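To keep things simple, chains are lettered A, B and C as they appear, and every chain counts its residues starting from 1.
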Amino acid sequence: MIHQSAIVTADLLGKDPGWLIIVKTLLVFVFLVIMVLLSIWGERRVVARMQMRLGPNRVGPFGLLQGLADGIKLALKEDIVPKAADRIVFILAPIISATTCFMAFAVIPMTGQVSLLGRKTAFQLTDLSVGVLYILSIASVGVYGIVLAGWSSGSTYPLLGALRSSAQVISYEVAMGLSLVAVFLYAGSMSTSDIVASQDKWWYVVVLFPSFVIYTISMVGETNRAPFDLAEAEGELVGGFHTEYSSLKFALFFLAEYVNILTVSALATTLFLGGYRALPGLGFTERWLGGWFTFVWFLAKLLAFLFFFIWLRGTLPRLRYDQFMKFGWKVLIPISLVWTLIVSTLRALSLRGAPTAVIVGFTGGVVLILLVVGSLFEAAKRKEQEALSSVITKPSHFAVPQLPMSISTHRVPSAPSRSMEATDE
Amino acid sequence: MNFHVPVIQYAEVLPILIVLGAAVLGVLVEAFIPRSLRYVFQVVISLGSILLAFVAVVRLHGTSHVAVEGSVVVDGPTLFLQGTLLLLAIGGVLLIAERGLDTGGSAFTAHAATLPGSEAERTALASGIIQTEVFPLTLFALGGMLLFPAAGDLVTMFVALEVLSLPLYLMSGLARRRRLLSQEAALKYFLLGAFSSAFFLYGSALIYGYAGTVSLSGIREAISSNAGNDLVLLMGVALVTVGLLFKVSAVPFHAWTPDVYQGAPTPVTAFMAACTKVAAFGAILRLFYVGLSGLRWDWRPMLSGVAIVTMVLGVIWALTQTDMKRMLAYSSIAHAGFILTGVVAVNKAGLEGSLFYLAAYGFTTIGAFAIVTLVRDSTGEATHLSQWSGLARRSPLVASTFALFLLAYAGIPLTSGFVAKFAVFAAAYSSGSSALVIVGVLSSAIAAFFYIRVIVLMFFAEPKEDGPTVVVPPIMTTAAITLAASVTLVLGVMPSSVLDLIKSAARFTF
Amino acid sequence: MNLYIPILAIGAVGFGFAIFSVLAAALTGPKRYNRARLEAYECGIEPTPQAVGGGHIPIKYFLTAMLFIVFDIEIVFLYPWAVSFDHLGLFGLFEMVIFIATVFVAYAYVWRRGGLEWD
């Protein structure tokens, strides 16, 4: 249901005069750049701490200016365009990435209604009625930057890295899109401010927890971050699509990656964690500082997600490419589709005032079906494992190491068993 | 927001739903049934669903209703064409299901995506796989074909056009022999078809701009009340006509026909040649007779010109052909011209004539291509005309049946072709386009020449020493040929029952 | 319309920043020509000559893109349905269940046929 008590609406933001729009644009831009510098520093400090070392602490107090120093260093590097590269597209690709990543942040509601320079407005650039769809589409345009960078570099490793990165991004984009359907179902709108406004009673992280889990996993996959970052792993494809880039063009890709992380985290905050809303029970804080305290709440949730990203990077090992493609296509998509069906049926039942018995019965039936299907899957997997292990543990004349070794997900080719049969006389 | 729950008359769209549901079931069979059982399941599902759909069509006899909120119109012409399509599809599916003719197992390749001559293709051939994915593809195409003449607005027509075309693009590339030719045919069909669909869509947009609605009855009203800029409307009509004429392979949008008919596997050619024309002409009839009937003084000259050029050029090009499938392709272009002659006569007789011609032509086509699958040598089908000489010595029955089909194509009395041509030319004459009739008769005479030439070749020439053999047709092909031949004869000798059926059915609902 | 102007504004700011960076990179960096630096990078060894566009790109990338299109279109159909779900009644629910079931059939077919394998 669209809540009529939305305090930030498109009407409010539509009344902004031109100079206010420019002021807000610059504010958002500066906010993003500062957050990027902060997250570069934060990542290196936090990962270092997790690895029992100090991290950058020389440039500025606590090493806070490390990001800036990195930027200046990159600016002073030589700008190389490889001979085999397609010059125009080579220069265009980071520009596309950088432009689209900033544009995606335009509809994120960062505060409630505040007064800025004497006018009643909100710290949100604009509010489209299809806000979330806009963000997803701009993110898709950002994939162009990756693919064009790899293509125009004129060498194979960037091309393969770019293709892999983009294949990964689009695979997880499907899962991300599907996980948001339940949110729209409950909010009755795609506009970001309406979704924040509709989370006044319960945050969607509580009501739609599976959607939140799927969204979180797919947002990590979409931004090419650990543990899904094989496309840029140094041992695999050197630098992936930005191998041939140097100096500030490389910095633009770096910037675009971190702004993407911020955007998906901000989207997660908006859609699932209630945006700028205070924790339930602390609602009175939303009025502090003339409404600006909501920004503190938003920032706190954003930083929590950022820490979560960094934590994942510092803790989890990389997944193999085929493992996480399999995960994205074969696990996330069916789960999201089934969850969408469950949510829509439950909502339809509750809207029609079905008695609780029906709802409980339906939920129970769904759980039962899922258990049955899950056990069938388990049985099939167990059979496959037995078949594999019977092949490996056959006695043979060859020195076979002591097994239990965990068997990879690839099927063992049938050739070894044939040769083992032959030597078994 | 007031949401008005749409009323869907499921009974009236039941034939389409049955065929599409069977197609989805076919996809599930492909996914889950083990390979050895797939063929049986698919043949049963395909033939069963087509028969069920035909029963549903028969039960709808006499309905005259605009269904599904104006998107589907179920009236006499729709039901007649759907019934014809389903019967033709039975013949087509019987040919597609035939496994006893080709030494490799079926007329379809094992693995369509491999490069011809590559290692992967050799492995696929050696594995002996016979794929059955053709069946759900055929059913999807058939579902689109059933919807195409029944469309009540331009958007539904476009959706049906795409649903019927996309599987056909794919099926054209599945021939087992001469893979390169087959893949070329599929690519050409796809590219040209995509372009023509784009033309259709752009034309629909222009017509929408004129009329403010895409529904055919709404367009009709807008034309009668002169709602807007005529130029926009005429441009839209021109573009839509381009899209539709591509599908029926009228000149100058015929370029795909010879290559695709030759390159596609012959069962698919049979299905495509017969059913696509029926469906597409159904759509043309509905668009021009229902939607644009008020504009007839504008489109009649255009279509008359197209019909004349199609008839003349179709027969002239067919004269020089040396490949049987290409010759039949060019002759089908000529027949499209003949049917357009009936369309141009904007009266009930024209409608009846076109409907009868479609039915007659469809069955003759199925039969003719079925016989082409029977003449084989060591490399597959022997389609060069010289290889067909003296065929009557080896198998008089097959040669006589083929002669029957050729005579039906030529329009010789006692065959369905004669009654059809007579109906169409009579209608054209009664509506005043005597030029069309004269050109039509002359083209028929020229066409008769190359049809009779083949008959003479088969019966009176010496057979080649290492010539092809005529395989004894296994049961499915026999059934298809019998169906086609009997309909051709019955429609030629005793057409009155079908003509009466058409007469009662030939009334469009608005 | 005026709701989209801020988007243009931030797009212009981002674009301007990117152009400024690219120009600054060309100006502030040193220019020490070294022929080796212009070759494609392959961990220090001679780059294997390979046609970038002419070499065969594995078909599985194309397949993934095609499947993405199919499921993205499904998502596009799901979004407006979800937004106006409360007003659509049971009819809306049933129709969408049938739609999702049909897409599931296609998904199952692709799964079984190995279209989702990546190795």
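As a convention for this text, a residue touches a chain if its C-beta (ideal position, glycine included) is under 8 Å from a C-beta of that chain, and two chains touch if they have at least 3 such contacts.
All figures in this text were calculated on a predicted structure; none of them were measured in a lab.
Visitor: Does B-C or A-C have more contacting C-beta pairs?
Guide: Counting C-beta pairs in contact, A-C comes out ahead.
Visitor: Mean of the CA atoms for each chain, then the mean for all of them together: which chain is nearest?
Guide: C
Visitor: Would you mind pulling out the distance in Å between where the CA atoms of subunit A average out and where those of subunit B do?
Guide: Taking the mean C-alpha position of each chain, the two centres sit 50 Å apart.
Visitor: Averaged over CA atoms, how far is the centre of subunit B from the centre of subunit C? Could you give it in whole Å?
Guide: Going by mean C-alpha positions, subunit B sits 39 Å from subunit C.
Visitor: So, what's the distance in Å between the C-alpha centres of subunit C and subunit A?
Guide: About 14 Å, centre to centre.
Visitor: Show the residues in subunit A shared as contacts by 2 or more other chains, in ascending order.
Guide: Not one residue in subunit A touches at least two other chains.
Visitor: So which bits of subunit C are touching at least two other chains?
Guide: Residues 84, 111.
Visitor: Can you list the subunit C residues touching subunit B in their complex?
Guide: It is residues 59, 84, 87-89, 91-92, 102, 105-106, 108-109, 111-113 of subunit C that touch subunit B.
Visitor: Within their complex, state which residues of subunit B touch subunit C.
Guide: The touching residues are 1-3, 5-6, 24, 27-28, 30-32, 113.
Visitor: Could you pull out which subunit A residues touch subunit C in their complex?
Guide: 1, 10, 13-14, 16, 18, 21-22, 24-26, 28-29, 75-84, 91, 94-95, 98-103, 105-106, 125-128, 133-134, 151, 153-157, 159, 163, 167, 170-171, 173-174, 177-178, 181-182, 184-185, 188-190, 238, 243-244, 247-249, 251-252, 321-322, 325-326, 329-330, 333-334, 337, 340-341, 344-345, 347-348, 351-352, 410
Visitor: Under the stated contact criterion, what part of subunit C meets subunit A in this complex?
Guide: Listed in rising order, the residues are 2-7, 9-11, 13-15, 17-19, 21-22, 24-26, 28-32, 37-43, 47-48, 50, 52-53, 55, 57, 61, 64-65, 67-68, 71-72, 75, 78-79, 82-86, 90, 93, 96-97, 100, 103-104, 107, 111, 116-119.
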